[in-house]
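Per-chain numbering from 1; labels A, B, C, D and E assigned in written order.
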C-alpha cells in the first residue's frame, strides 16, 4: 500500500491557498483566524507527509508538526485576545474597520 | 546525547528571569505603588540580563549542543551580547517611558520572553529551533504592541503586527516543511549540503524563498513592511524601540544564519532577489519618510530604509569567501551602530511623549533649547542615522560600501549612497524642528533611566570616531562556525 | 620630542574637548562660555604656533607627522602632518577662529544661547583645522563632514531672516558634493594596491602612474564635484551667497575665511598629485569655469544691493582666481593659488567682520539705506572698510595682489601640454575681471563710505570701532599689510612644498 | 658719498614719512605736514646727489636682491639708477616738494589735512619706486600704487559725489589699461622667464625672443601706458581728475604719475625698438592724442580743464617724441613739462584760491591784484607756447625736429600734428592767460594775492621752467648724453624747423591776443563753431560712449541680467531639482507605497478632515491588504522559483 | 489505484470541501463547524500516513480546544449570526492571490518528486511521544512552554476589562 508523495503535497498547497484566501477576504477577525489555522494545517500535512516518506529516525516531521500545533494554539489565543481588544475599543470585530493609520 | 546546559545558560537565564518577574510581581501586595513595582520588575529583568551576559562572556567558542542544533560561535555570542545590551537599554527606556497604566510584571515578563527567543535565534542551526525561537520572539511582541490600552490605535498596531506576523510565519513554515522534505532533515548543516547538491530546483528555491519571507517580515523588508509604520506608531514608544532594534536584529540574525550558512550554495539564485529587496526597501523607506510629520512614524520608515541598507551585505553572499566574511562583519557592525542611534532616538521620543503627550514634529519644537541634552543627543542620533561623519553611522555605512565595492556590486553602493543623501532631508527636518523655533514649553523633566539610556547611546554614537576599532574590530570576519 | 608628534593633534583636539566642556556648562554658568571660547581657541592657536616653531621652512615634504592605527578593519589610520601647502591654511584657521571668539565677546549674535554658539564654533574649528592636516582619506572625510553640522546650526539658529532656507541649502548642497567625493575616495582605495587610504601612499602611487587614465578621470569627476561645490566653483556656487548672507557674522567669517579653502585645498592636496593625468584632462574645464566665475562673480557683485551679499559674491570671483591658478598645473599657479587662499581668508574674513559690525550699528543691510557718509560718521570703521576693500581688489602692497597677479601670470603661461591659446584667453578674462572687481568695490565704497551722512543717521549715536573689535581685527589688518609687503611669508613656505609636490605630480 | 648705493632710500623716505604722518601726524606740530615735507626733502637731496653723480659721468648702477622664488619664477627687489632714473628722481622730488610746501597753504584748514599729506607722500614714494624699479613686477607695484593714490587724492573731497565719481573713473580707466600691462608682463615672463627689464631687453635685442612676441608684449605694455598717461582713447579720465585739489593735479596729473607711461616706454625703449611696429604705434597714438586734446583745450571754461587737456596733449608729444626720436627726446619734454605744467597748475591753484572758482568766466583782470601769480603764470604760458629760451621750447623743438628727421609716413603725420598742435597750444594757453588776467574782474568778492607759502613754490618752479631746458638745448646737448650714454650725439639745430615752431607759437599767441587780449569777448569764437564746438564740448562723445556704451550697461543691465541668471537659472535649477525630487517622491509615495490600494489617498485626507468620511472607502491602512501584500510577495517568489529566477 | 490512494482521495476530498465551506460560509458558526470537519479530515490523513499520535493530538487539541476557543471568541465579539456580508472589499485580491499560489505551489510540488511514493505499510501508532524526549528538542520544548505561558498571560492582559 503506497501513495504518490505529491498527492498530499498538492492537497496541502490547496489548503494553504484556501487559508490565504480567508485571511485576505474575510471581514470578521475570527474567520480570518480560521484561515490562518487552515494554512498551518497545510504546513502540518506537508510535514507529516514528508515524515512518512522519509521515515527519519528523529521523527523530525512529526515533532515539528507537534510544535506547530502548540504554536498555533498560542497564536490563536493571542489573536482572539487582540480581536476582543479591538472589539472593546472599536465595537467591531471587522478587520476592515481597523484603519486608524492612514499615511 | 547529553545536553550542555552551560551553552544554553543565556536564554535559560533570561527566560527564567521573566517567570521570576511575573511571580514576584504577582506576589507583591496591591498596596505597592505602580512605580515601585516597575522598579522591582525592571531590577529583576536587568539582573537576569546581567546574569545572562555573564554566561555569554564566559562561554567558550565554538561550543555546540542539542546535536548540533544549537551552536555557540563568535557570531551567536556577539549577537547574544548585542541582544542583552539592547534589551537592557529597552528596559531603561521602558522604566522612564511607559505609561502608568501598564502592568509592570506582565510587561517585563513578555519583554524577557521575547528576548529569550531572540537570544536563541543566532545560535539555532535547526529549522525547528529557529522557528520556535522566532515565534517566541514574536508572539509576546504582538501583545506588547497592544499594551497602550487606552488608545484604540494600540490595538490596531497589535492587530497589524499580529496578522502580518502569522501570515508570514505560515509562509515561512510552509517553506520549512518543504525544506525538510527536500533535505530529509531539519538540521541546517544537512540542508546546506542538500542545497549544495542540487541548488537549481524550483521546489528547493520556492522553499528557500518562503523561509526567507518569514525573516523579511521581521526585518520589515518590502513588501512585508506594511505593518511597521502602523505598529510603531500605535505601540508604546519603548516597544517600538524594542521592535525597531531587537526584533529587527533577530530577523537579520536568522537571515544571516540562512544566507551565510544554510542557503549559501544557492546564493546565485536568491542574492539578486535580496539585492532587489534591499534597493526597493531602502528607497521606499526613505522616500516615504520624507512625508511624515509624526516622528515615530518617520523613524519607522527610517528603520525600513535602514533595513534596506542592512539587507545589502546579504545580497553580496556568494561572491567569494573573503567578501562573505566581510559582508557578515559589515552587517553585524551596522546593526550595532544602527541600534545605538535608533534606541537613543526612541529614548528621546519616549521622553518627549511623556512630557508632551504627542510625538508630532510640533511636540519636538524647540526641544534643543528646552533641553540641550536631549536636543544634542537626538541631533547626534539622527545625524548618525543619516550617516554623516564623524558620528558612528558613517562608519557603518562605510563598511557596507567597502564590502559592496569589493564584491563588485558598485551599483548597490551607489544606490545606497544616493539613498543616504535622500535620508538626510528628513533627519535634518527633525533636527531643524528641534532647534529653530522658539521653545513652546518649559524645561524638561527627564527620568534618570531615560537619561542613562540616552547617554549610553550617545556615547557610542559620538565616541566611535575616536576609537572605531572598539566596535569595528570586534567580530572577526569569519564568524559562522561550520558544524 | 613630543611637540613634533603631537602639536598638530593637540591643536585639533583642544577645541573638540573645549566644545564638550562648554556644552556641559551648567545653565547658570553660561556667562563663562564666551571667555572659554577665547581661552580654548587661544590654546589651540598656541599649539599651532608651537607647531610653526618646529617646522623646517626649507623643506618641501610632510613634517610633524603622526601616524596611529585608527580603523584597522579598513586600514584607515590617524595620519596627520603638514607641508608648506597646508601649514599656512592650518595656522590661518586657528587664528581666524580665535579672532572670531574674541569678536563674539562683544558681538554675540542673537537667536540662541552663547554656550551653544561657542561650542559649535569650537567644533567647527576642529573640523576645519583637521581637514588641513589629515593625510588619510577617511580621516579627511570625517573632518570635512564634521564642519557641516556646526555650520548648519550656526546659520540656521543665529542667522538672519532667511536663515533656514540658506542653512539647508548649504547643507544639502555640500552633502551632495561630498557623497561623490567619498565615492571617489573609495574608488581610489580599491584601485590602490595594496588597498590604502593613506594620502602619502596614494600620491606616491598616483605620481608613478599606478592609476590608468580612464580611471583617473572618473575619480576626478567624483572629487571635482565634492571640491567644486565647496569652493564653490561656478556654476555650483549658488549656495554661497545665501549662506554667507544669512549667517551670523562669525559664521560668515569662518565660512569665507576657511571653509571655502577646504575645496581648493582638496584640489591641491588630493586631486592634482594623485590623479595627474586626469588633472591634465580636466584642467582646461576648470580653468574655463574659473574664468567664468571671475567675471560672473564681479558682475553679480555689481548688481547687489545688500552689502553682505556683495561681499559674498566677491568670494566667487576671488576663488575663481585661486582655481585659475590651480588649473594651470604650474608651480607658479599653484603657489599663487595657495597664496590666494590665505589672502582671501584674511581679507574676506575681515570684510565680513566689517559687514557684521556695520549691520550691528545701522541695523540695515541695504547699501542704499546706509546711504553713504560712513567715513564721516564712523571714520575708523569707514577707514578699515576702505582698507579691506582696496586690499580685496588687489592693490599691491596689500595681501590681495600677489595671488591675483601670479594667477594671471600662470594662466598666461600654463604648464606644457595645456592648450595655450585657451589659457591666454582665460588670462584676458581674468584680467578684465580685475577691472570689474575694482569697479564694484570702489562703487560700493562710494555708496557706503563717501558722500554726506543721510538725515536719518545724523542724530543716531553709533560707536566707532570699539576695543574688542580692534583686538579682533588688528591681527588681520596687520596681516593684510604684512602679506602684501612681504609675500615671502607665504611663498617662502609654499614654494618648497609646491616644488616637491608638482615634481611628484609629473 | 656714494649716492647710487643709497639710492634705495629715495623711495623709502617718503613712504616712511607717509606712515609716520598717517599714524602720528595728528599729534605732531603742523599736523603732520612737516614730517611729510622732511621726507620728501631728504629724498630730493639724495636725488640731487644721484643726479650730480650721474652728470659726473657715472654709468648704470643696478642692484637686485633676491626676494621671492615661486617655482621657476625668481623675483628680485632692487634699484636701477641711470640717467633716465636720475632725471625722473629730480623731477618727481622737486615738483613733489614744491607741491607739499604749496599745499600747506592751499589746504590750510582742510578737514583731512593730515591724511592729505600722508597720501601725497605715499604717492611720492610709490612714484619713486616705479622709477627705481629694475624689474617689471616692482614697476607694476609702483604703477598700481600711484593709481590708488591718485584715486584717493582725486576723491579727497568725497562729500561731493562728483569728486568720488571722478576718482572711480580715473582708477577704473587706468586699470583697464593695466589689463594690457599685466598681460604684457605675463607674456614677457613667459618668453624670457625673467622679470628683469635689462635682461628682457638684452634678450629682445639679441633676437632671442620671437619678433611677434616682442611686438605683442610691447603693445600690451603700451596699453598700460595709454591708460596711465591718458592717451587716446583712454584719456577721458584726466579732465575729470581735476576734481581733486589743485596741488594734487599739479603733482600727479601733470608732472609725475601721468608721465609714468612715457617713462615706462622710455625705460623699455630697446624692447619697443626691437619691434619697430610697437614704436610706430606709440608715435601714432601720440599724434592722434595731441591733436584731439589740444582742440578740446580750446573750448574749456574751467582753467584746470584747459590745463588738463593741455597735459594730455603734451603727454602725447612725449609719446611721439619717444616713438620717433628716442627716449631722450620724449623724456626731455617730460622733464621740462614737469616744471612748466606744475607751475601752471599751482598758478591756477593760486587763482582758484583767490576767486573760489575754477571758471575763467569768473576771473579777469587779476594781473594787477596778483602780480606774482601773473608773472609766474606768464612764464609758464610762454614756455608752453614754445617761446625760446624757455625750457619747453627746447624740448618741443626737439620733438618736432625728430619728427622731421624721421620722415616716412609716420614721421610726416606726427610732424604735421605736432606743428598744428603747437599753434593750438599757443592759442589756448594765450586764451587762458588773457581771460584770467586781462580785462575786468567778472567774479565775486575781492581776490587777493596768495600767501608766500604758495607763491614761493611758484617762483621756484618758474625759475626752473625758464632755465631747466638749457641742459637739453642743441648747443649743450647734455640731456641726451645723460639718457642715451656718452656716445649720443646732439642733433644739430635745424633752422627751418626752429623757425616754423617759433613761428606758429607766436602766431598762436597773437591770435589769442587778438580775440581775448582785452578780456572776454561777447561771443567766444571757439564756442561759436557750430557743429565742431558741439563735438568738442561733448568731448567727441567719447565719455558718453564709454558711460552709456560700457559702464552703465555693465553696471546695470548686464550685471542685473547675470544676477538674474544666477537667481533664476542656476539657483532655479537647484531649487527646481529639489522641487522635482519632492514631486517625484510624492508620486512614489502616492502610487508605489500604496501599491494595491484603491487610490491615492494620504495625508491630504487627514488634513481635510471633512473629506475623511467620504474617503473612508478609499483609505488605506487596512491590515488585510498588508497580509495580501505579503502573500502576493510569496506568490511572486514562487513564480520566480519556478522560473529559476 | 491502491487502497491507500482511495483512502487518501476520500479524506482529501472531505478536507477540501470542508475547507472550502470554511472560507465561504455565510454564517460564522457554520464556518466554525466546517472547520471542525476539515481538521478531522486532516487528522484522518495523519492516521493514514502513520502518524497516529499526531492524529489524536489533532483531534484533542484542535477540535477540542482551538475550535472551542474560536466559538468562544465569536460569542464574545457578538458576531452576528445569520446571513450577511462576510467578505472584505478586497476579496478579489485574496481570490487572485490564493489562486496563483494554488497553481504555482501545486505545480511545483507535483513535479518535484517524480515517482516518489509514500509507503503506508505499518501505519500504526509510532512513538512520537517518545521522540519528543530526544535531547535535541529540549530547548524548543522549553521555549514553547514559555511561549504558551506568554500567550496566556498576554491574552489575559489584552482581553481583560480595564479595572
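Operating definition for what follows: a contact is a pair of C-beta atoms (placed from the backbone, for glycine too) under 8 Å apart; a residue touches a chain by one contact, two chains touch by 3 or more.
All values reported here derive from a predicted model rather than from experimental measurement.
Participant: Going by the contact rule set out at the top, which chains touch both chain A and chain C?
Facilitator: B, D
Participant: Using the stated contact rule, I'd like to know whether B-E or D-E comes out ahead in C-beta pair count.
Facilitator: Top pair by contacting C-beta pairs is B-E.
Participant: Among the chains, which has its CA centre at the largest distance from chain E's?
Facilitator: Following the centroid criterion, the farthest chain would be D.
Participant: For chain B versus chain D, what separation do you get between their C-alpha means, in angstrom?
Facilitator: 75
Participant: For chain A and chain B, let me know how many angstrom lie between their CA-based centres, rounded off.
Facilitator: Each chain's C-alpha centroid was found; their separation is 26 Å.
Participant: Which whole number of Å gives the spacing of the CA centres of chain A and chain D?
Facilitator: 96
Participant: Between chain B and chain C, tell me the centre distance in angstrom, where each centre is the average of that chain's C-alpha atoms.
Facilitator: 43
Participant: Identify all positions of chain B at which a residue touches two or more other chains, and write them in rising order.
Facilitator: 128, 132, 135, 139, 142-143, 146, 149, 156, 158-160, 163, 167, 178, 181, 202-203, 206, 230, 291
Participant: Please list all residues of chain A that touch 2 or more other chains.
Facilitator: Answer for chain A, listing residues that touch two or more other chains: 9, 12, 16, 19-20, 23-25, 29, 32, 44, 49, 53, 58, 63, 67, 71, 74-75, 78, 81-83, 85, 88, 95-96, 98-101, 103.
Participant: Could you check chain C for residues that touch two or more other chains and list them?
Facilitator: 172
Participant: For this structure, enumerate the chain pairs that meet the touch criterion.
Facilitator: A-B, A-D, A-E, B-C, B-D, B-E, C-D, D-E
Participant: Within their complex, state which residues of chain C touch chain B.
Facilitator: For chain C paired with chain B, touching residues are 23, 69-74, 112-113, 115-116, 138, 141-146, 148-149, 152-153, 156-157, 164, 168, 171-172, 175-176, 179, 182-183, 186-187, 189-190.
Participant: Please give the residue numbers of chain E that touch chain A in the complex, ascending.
Facilitator: 2-5, 8, 12, 15-16, 19-20, 22-23, 28, 31-32, 35, 38-39, 42, 45-46, 49-51, 53-54, 57-58, 61-62, 65-66, 69-70, 72-74, 76-79, 85-91, 93-95, 97-99, 101-102, 105-106, 109-113, 116-121, 126-128, 131-132, 134, 136-137, 140, 144, 147-148, 150-152, 154-159, 161
Participant: Across the complex, what residues on chain E touch chain B?
Facilitator: Touching chain B: residues 104-105, 108-109, 111-113, 134-140, 142-144, 146-147, 149-151, 153-155, 157-158, 162 of chain E.
Participant: Which positions of chain B touch chain E when the two form their complex?
Facilitator: The touching residues are 1-3, 8, 11-12, 15, 18-19, 22, 66-67, 69-70, 103, 106, 109-110, 113-114, 116-117, 120, 126, 128-129, 132-133, 135-136, 139-140, 142-143, 146-147, 149, 158, 178, 181-182, 201-203, 206.
Participant: For a test of understanding, state which residues of chain A touch chain D in their complex under the given definition.
Facilitator: 20, 23-25, 32, 95-96, 98-103
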